Amino acid sequence: MTTETRDNFGHFLNIQSRWADMDAYGHVNNAEFYSYIDTAVTEYLVSHGGHDKDAATAIGLVVESGCKYFKPLAFPAVIDCGVRVTKLGRSSVRYEVGMFAAGDGEPAALGFFVHVFVDRDTMRPTDLPAHLRSALEPLLRAGDA
Amino acid sequence: MTTETRDNFGHFLNIQSRWADMDAYGHVNNAEFYSYIDTAVTEYLVSHGGHDKDAATAIGLVVESGCKYFKPLAFPAVIDCGVRVTKLGRSSVRYEVGMFAAGDGEPAALGFFVHVFVDRDTMRPTDLPAHLRSALEPLLRAGDA
Amino acid sequence: MTTETRDNFGHFLNIQSRWADMDAYGHVNNAEFYSYIDTAVTEYLVSHGGHDKDAATAIGLVVESGCKYFKPLAFPAVIDCGVRVTKLGRSSVRYEVGMFAAGDGEPAALGFFVHVFVDRDTMRPTDLPAHLRSALEPLLRAGDA
Amino acid sequence: MTTETRDNFGHFLNIQSRWADMDAYGHVNNAEFYSYIDTAVTEYLVSHGGHDKDAATAIGLVVESGCKYFKPLAFPAVIDCGVRVTKLGRSSVRYEVGMFAAGDGEPAALGFFVHVFVDRDTMRPTDLPAHLRSALEPLLRAGDA
């Protein structure tokens, strides 16, 4: 299905699944994976990149997202979310997030999204702030830019 | 279980249930009812009371909430959410919301929450804005204040 | 951004946005769009295809999903979700969902997901049930199969 | 506001808040607290009480819930959710959950819900299964029954 491993991701956030994450089929609903993806990346921007949602003049708009699902996830579980960056442009960033059930070396899913940074007032594209760029560079996958 | 009827509520908002609202037992999860309650009241404040989430200097903090569940709700369904006000104080409001499956005269659930209006900057209690008070008075249940 | 219009979708479900759908930036969170997508398609399968989540022996697993975002959505709003089918295989279906703010001819977002139908007990791929295939054929976009 | 402390709860589950938990006011939405409450209790029933959502013949229906909010919660944060039992009846259980921001001795909120255990097929009240009763007794607050 996938040859991705935990080694392919430079930063991890461990997220507790919630009872309400499951849908009527008894597995985590496909839409909820995006809240894991969103959370893992945004936590990194805040905790490691100094992003301040209230004071920031540049904010990231999600222009595209996607996910491939390899295995179901359930509750209760801890989902280890690995983050990497596969494109670091002037005003845009592409993140990829591997989601692993605790103790599993193969991801249950691999998601991505693309942020375009915009000026909060004009909503026009703006340069990625330097403190975010510095924080994201170590997550850039070898060979990507 | 309950003697509540649709006549007991002065305003209705109809909310489509979502596939992800159901949990692994195949019914709408207990926590999701609160998003119906929250939505029905806030929609009224915005559409009928002129509340502007961005410009408002007074915002409502939820200090208490609760719900009694009489019947399960499922998907797909339209949930008719009836809103009434049972207390309209100087800075606080208590709302009650009856949630009815389309076509059902008996509510599936009855919820409430209490808003305390605070100044957005100081987060200290402030008077309920006059335009909200005017909008809420017609929803005040006879005999309440 | 997109040349998609409402005419490109054969079935619509109108979904009320919820206060909690918005994130701290004051717009509907990117992950919530997937609950609209999921809901619009599943409602069609249930209401028009006779899918019964409890009795069905074949259920659809989501193996891939994605979304492009063109405009922000907010609350309160009704989101008109148009559904079409762009691939109708032996055991898999690809759905696309255009999400339009009420009164807007241009979509705020265009999402998709791919269902692989599996036998509920063995979780192995199985043929798309005939009643679902009949229901989905009218949504197949001209030129697709 | 409250004199509750962490010592008043016999079991803790730590839950990562999510970006999407926040609403447009930049704090965790009031409805999301119920997904913390629900998750903390259900995780205990599964991990410590041997509850199996698929095989269980008795399942817990939520008949009432409520929450008092003392302080806002934000993202990113770990929410330490303390669980106690304040009523352990023949077929019903009342749980209370204190929600503490990591490092804070005072709860941000105190919630509760009441489970009535029902036979999954008939949906009629049934005795609380012995393995759940044994697991819940240690969480019974001194003086309660």
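By letter and in written order, the chains are A, B, C and D; residue numbering begins at 1 in each of them.
Here is the rule we go by: a contact is a pair of C-beta atoms (placed from the backbone, for glycine too) under 8 Å apart; a residue touches a chain by one contact, two chains touch by 3 or more.
None of the values given here were measured: they were computed from a predicted structure.
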{"item": "Interface with more contacting C-beta pairs, comparing C-D to A-C", "value": "A-C"}
{"item": "Longest centre-to-centre distance from chain A, chain (CA-based)", "value": "B"}
{"item": "Rounded Å distance between chain B and chain C, as computed from the means of their C-alpha atoms", "value": "29"}
{"item": "Whole-Å separation of chain centres (CA-atom averages), chain C against chain D", "value": "33"}
{"item": "Whole-Å gap separating chain A and chain C, where each centre is the average of the chain's CA atoms", "value": "23"}
{"item": "Two or more partner chains touched - positions in chain B", "value": "19-20, 24-26, 29, 31-32, 35, 38, 53, 75"}
{"item": "Complex interface listing, chain A residues touching chain B", "value": "19-20, 22-26, 29, 31-32, 75"}
{"item": "Chain B to chain C touching residues, read off their complex", "value": "13-16, 18-20, 26, 35-36, 38-39, 42-43, 46-47, 53-54, 75-76"}
{"item": "Chain B - residues contacting chain D, complex", "value": "24-25, 29-32, 34-35, 37-38, 53, 59, 61-69, 72, 113"}
